[in-house]
Amino acid sequence: VLNTDEMRKRARKLPTAIFDAIDGGGGDEITLRENRQAFERIWFRPRALADVRHRDLSTVVLGERVSMPVLLAPCGMARMARSEGELAVARAAGRASTIFVVSGASSYPLEQIAEEATGPLWYQLYLPSERPAAEALLARVERSGYRVLCVTIDSAVPALRQRDYRNRLTIPPRVSGRLVLSSLRHPRWTKDFLLGKVGDGGLGPVRLAVWNLAMTIANNKVVTAEDISWLRARWSGPLVVKGVMRPDECSELIELGVDGIVVSNHGGRQLDGVPATIDVLPQVVEAVDDRIEVFVDGGFWRGADVVKAIALGARACLVGKAYMFGLAAFAEEGVDRVLDIFRTEIDKTMGLLGCPTIADIDGRAIVRGSTAVTPSPMP
Amino acid sequence: VLNTDEMRKRARKLPTAIFDAIDGGGGDEITLRENRQAFERIWFRPRALADVRHRDLSTVVLGERVSMPVLLAPCGMARMARSEGELAVARAAGRASTIFVVSGASSYPLEQIAEEATGPLWYQLYLPSERPAAEALLARVERSGYRVLCVTIDSAVPALRQRDYRNRLTIPPRVSGRLVLSSLRHPRWTKDFLLGKVGDGGLGPVRLAVWNLAMTIANNKVVTAEDISWLRARWSGPLVVKGVMRPDECSELIELGVDGIVVSNHGGRQLDGVPATIDVLPQVVEAVDDRIEVFVDGGFWRGADVVKAIALGARACLVGKAYMFGLAAFAEEGVDRVLDIFRTEIDKTMGLLGCPTIADIDGRAIVRGSTAVTPSPMP
Amino acid sequence: VLNTDEMRKRARKLPTAIFDAIDGGGGDEITLRENRQAFERIWFRPRALADVRHRDLSTVVLGERVSMPVLLAPCGMARMARSEGELAVARAAGRASTIFVVSGASSYPLEQIAEEATGPLWYQLYLPSERPAAEALLARVERSGYRVLCVTIDSAVPALRQRDYRNRLTIPPRVSGRLVLSSLRHPRWTKDFLLGKVGDGGLGPVRLAVWNLAMTIANNKVVTAEDISWLRARWSGPLVVKGVMRPDECSELIELGVDGIVVSNHGGRQLDGVPATIDVLPQVVEAVDDRIEVFVDGGFWRGADVVKAIALGARACLVGKAYMFGLAAFAEEGVDRVLDIFRTEIDKTMGLLGCPTIADIDGRAIVRGSTAVTPSPMP
Amino acid sequence: VLNTDEMRKRARKLPTAIFDAIDGGGGDEITLRENRQAFERIWFRPRALADVRHRDLSTVVLGERVSMPVLLAPCGMARMARSEGELAVARAAGRASTIFVVSGASSYPLEQIAEEATGPLWYQLYLPSERPAAEALLARVERSGYRVLCVTIDSAVPALRQRDYRNRLTIPPRVSGRLVLSSLRHPRWTKDFLLGKVGDGGLGPVRLAVWNLAMTIANNKVVTAEDISWLRARWSGPLVVKGVMRPDECSELIELGVDGIVVSNHGGRQLDGVPATIDVLPQVVEAVDDRIEVFVDGGFWRGADVVKAIALGARACLVGKAYMFGLAAFAEEGVDRVLDIFRTEIDKTMGLLGCPTIADIDGRAIVRGSTAVTPSPMP
């Protein structure tokens, strides 16, 4: 497997409904496409004569050193891809010396994932609507050693996912003839999903995972400024807000005590028709003005994409679909391979760009525009 | 049926000439395409931390509250789609608590439609060239309880409809071997068109409908400022002008006493090569400067399109082809479904956009541009 | 036949080499395509409330009234399309009350065309390199009653016509096995080309036509300012220069005594990579500043295209390929039909645009831009 | 063979891995495509009334007159295309009175190429990492009579060539079943590659060529400012730096004593996502401000491309892939033919553009822009 796009092709062996649930976006998938295309409007300006014999891809994220500016984004219900799910992802992230952001809709209990992990973890929170439930959840997160809390704010309403609708994928799943038929046509996936690897313990974990997901969605609260204040008071570690798309809202978030912002359109999976995150990033970076750290996700499939985001002021990028497809295609090794691809590509890009360290990648390394130049009017 | 585009596909069971008569545009259909594509150059800027638990889609249109900012546009000869035609549309509009703008080229007498309707009606006028005929028509409209008069001004000349030409669709229809053949190949449509549902009364209504259409077209007058003055004096209710595409002409219309403007290019069906209505809308809104209400039609197939138009200053949108295809595919229930799709999509969009009410949707909710950002020149 | 594009399709019955010789352009045909696409970046702004009951398409071209602003462009060797060639075109132009610009590389002697013509004629000159030959030619042109002389200046060097090269089309034609084969596969065309209609007189005219063409090309002179002066002194009637693409050169031409300019890139058939004529037109119009008349050709296939050119300041447009395909498809009647299509489309466009006369079509009727609006930057 | 694009098609007879090694680019080949597309955003402005009867394509490059502004770019391992490799190219370049830039990764010893050459040669240097090796190499270059040294600086790190990866093309080549199979399917290429023409001497030269290539790549040094200084001190002839893509770095290079700059992105083969060279060229030309000579390569397939580069300020262009495909398709005659195509196309373009000499081609001859005009905003 040569690159992440090929990894995606390998993951086509999944049942269509599952592949689409990972791959698809909201509405007409305009934002999903735009997230990718926007990278092609950002051009590199390689520096000549730089000494790039030794490259260092490591950087510091909210006080923690990571081996490269690529974090693993929270993806709900990773068991869909492979029964080892978040456990495998946590192990791969640790091996790669980077951070795994565990989804609030994970298919394993957050404690079990934390036990399995060998590297640093963040917890992505879907805020429960009732305060006691929120209290209880935060206590569990804290107890399990998650260092950073990452609140998602772009999911106030279930999105219009037309592929899921067409595939009759509902939560909780309804057992239909169609579903049974699809399962029978993918016996290997079905066996893995339902029974897991030997010793996994049968149907219990599946039931738990589906229950978790359904509850998370059902109880997901619309997050307001008041909620952020409450979380800030309640959570002592770093607090990150995920789903910011407007530069004019950054100052309010900073005043509420937030430590980091993820520029995110939920991978094009929520509101369709929002701009590409990479187009919004520089404006958010300008508004934040170095007061807190800015992260970004959405459409990152190449190491070059990561370097572009760094040049535009991101501290690090979150990668989601790519590792989910790696997990689907080759289990834990697939996640390793995806992280490896990103590392190799970032390294080569930095070398050819004339930037031996992450700190060297700044605004001078790129130029934005639908083409590289502005047109000159006819005299 | 998931969205209006699928509804259109379902309507392909119509005879080609009929499908094309509803679906097609003028000339090379540049404007027809542009009406759609222009929406992809308008991007959402979702507001963070808004309390969107309760959404209210209702708004007030020329003094009348409607359940959502979607009106049913005037489409001539709805019987083409299904024999119940405008009667079914009027019932569905009432059920959805919104306004039906009855076409001056309707296939049922305006009185019969008014009787069937349970919600508010507008009457779209093709002004007869002779004053006595115009007087008589206005008297009928008034007597039947239509509250708003909507004069179309973009149809001075029959358009260049190449699909109709190719399909040999003429008004009145010429009975040719080709027509007979096509009818025989669509026996269900033919039976429904000619005989209607049981109790409809045979060929009489068809003859009346075709006669109506032919007369309307034959007598359609070029509308001048003098005609608007005459109508203004003659009609006591609100007067709306449909087919405005130039901001520099709004003030004259307002001075003539018009109460509303519909930015319209006739759905791309008249002059080909005019811009998309959504591109012209903000300029008209600026020129009108809140003196009267501005409406818009052309290319609305998604709830998100409606929200974009509201953000650009429209009071409401008129939807035409979508419900005609609903009518063709599933009769009255199809119209219900189309309105339902719009309602659901607008609701989701408002939730994810952070705008709980129609009044919250303003210019800050969007950004226009062929891409989301302006290019930066290379330093 | 519904429009000129269909006429082109009908002309596909020609031998490929002949069809391509008419249809093709220079180099990669970038300019050929651009000539068409540029029209889609010009948008109409229909005027409301105009009284367009009566439309008048006539205009005055260098002192001569024509029934519409469409002239017949000079196309070399019209016999390629049909044996009646320029004789048929001259008759059709007269019937349509418009001007035929006879090509300097015509397949009939200029005298014979003049005799056949019933309307006004221009003569398009490829300037012979020797003065005596030029003198003799001008004397013949004058004697035959041509009123306007139109000198082509964009053909200093034979163009890179890759389709002709691929089709082995040379001047004079080489008799190859391939040519014989192609002739046998198109017996009707071959018979018509070689023998003409009954009474045409056998191979003589063909030999003459080919000889004419070869001589014209062989003797074609690079036209300099000195040549224009010489022509101005020698020719008493109006003098038009065809092939101007730079606004900064208009004043020199006017000072040399030229009466009209044709903005032309030779239909994309000479230098590939020059802009569309419709994009250059407004700049030339501005530079000329009403001192002389400006004409334009290149990519005119729709009446709407003609109206756009008028709005941008052209006095009239020259149409070439469209009528050549009409001639190929249906002989003289095909030319009639093409002129008819232009007339109908211009008439409808004027009606829907709110411009009852040619004089009403001015800059306010259109807006230019790759989309109808300029993007607004994100706040 | 009509044009260079057809030459490329003829070269498809090569084994796929070899064709791709010549044809392919880095990463997603965005830059490879952009190099071509950028030319379509540059438009010609032909001059009227110019006397172009006699055209002169010759120009002076670093003090040496060449017959046209087209140099032969350094392409590694030309034996891949045909066993005569650089020897044939050197002879063809001499015959065409232009310069051949011999690659530092050539498949024949630089001395042998110099002996075969009849025209001027440049030597393209991959700087060895150890100074004694560099010293020795420069001594050989000097001794063999190369006049100009051209240092490549954009290859600090091996590029991400996905086609090569997919084709399992490694350096040195690994003998795999796949490789053997491919060789058997292209017996003629294999025989030519391994044995050469009669008298070539068997496998020795192949071994030498592959060894050369592998060593060059292994020892290739990251080039720093210090290296340029060292080269400047060591090399008495003109020194050219190839691979500059930023205008803000030109002054430093000039101060280091460089005599020429090649604006180059390595034909889109190194860092993917850099702009087209033709877009960067005018900025570099402006920054250099006539202090030294500026050259350009990347995407030159047409004579018109060359003329555009000259108009933007380049002294000459380097052409690579086109002649490699000529070599592959027809051996030495193929290189002749490619140079001939360029000459003919440049000549025709100059004639039609109204520029009889290279010096006449300046900024007034073109206009840049994604379309030829800037859009006018709607009033």
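Labels A, B, C and D are assigned to the chains in the order they are written; within every chain, residues are numbered from 1.
The working rule: a contact is a pair of C-beta atoms (placed from the backbone, for glycine too) under 8 Å apart; a residue touches a chain by one contact, two chains touch by 3 or more.
Please read all numbers here as calculations on a predicted model, not as lab measurements.
Visitor: How many degrees of rotation carry the C-alpha atoms of chain A onto those of chain D, rounded to the nearest 5?
Guide: Nearest-5 rotation angle for the superposition: 90 degrees.
Visitor: At the interface of chain A with chain B, does the proportion of residue numbers present on both copies reach over half, so same, or stay under half, so different?
Guide: Chain A vs chain B: different; shared/all numbers falls short of half.
Visitor: Please work out the Cα centroid separation of chain A and chain B, and write it as a whole number of Å.
Guide: Chain A and chain B have C-alpha centres separated by 42 Å.
Visitor: For chain B and chain D, let me know how many angstrom lie between their CA-based centres, rounded off.
Guide: From the centre of chain B to the centre of chain D is 59 Å.
Visitor: Considering chain B alone, which of its residues make contact with at least two other chains?
Guide: If we look for residues of chain B contacting two or more partner chains, we find 45, 275, 280, 283, 367, 370-373, 378-379.
Visitor: Going by the contact rule at the top, pick out the chain B residues touching chain C in the complex.
Guide: By the definition above, chain B touches chain C via 27-28, 30, 34, 38, 41, 45, 153-154, 156-160, 162, 165-166, 222-225, 227-228, 241, 243-246, 249, 252-253, 270-276, 279-280, 283, 364, 367-374.
Visitor: Which residues, counting only chain C, touch chain B once they are in their complex?
Guide: Touch residues, chain C against chain B: 2-3, 40, 42-53, 302, 304, 308, 344-345, 347-349, 351-354, 367, 370-373, 375-379.
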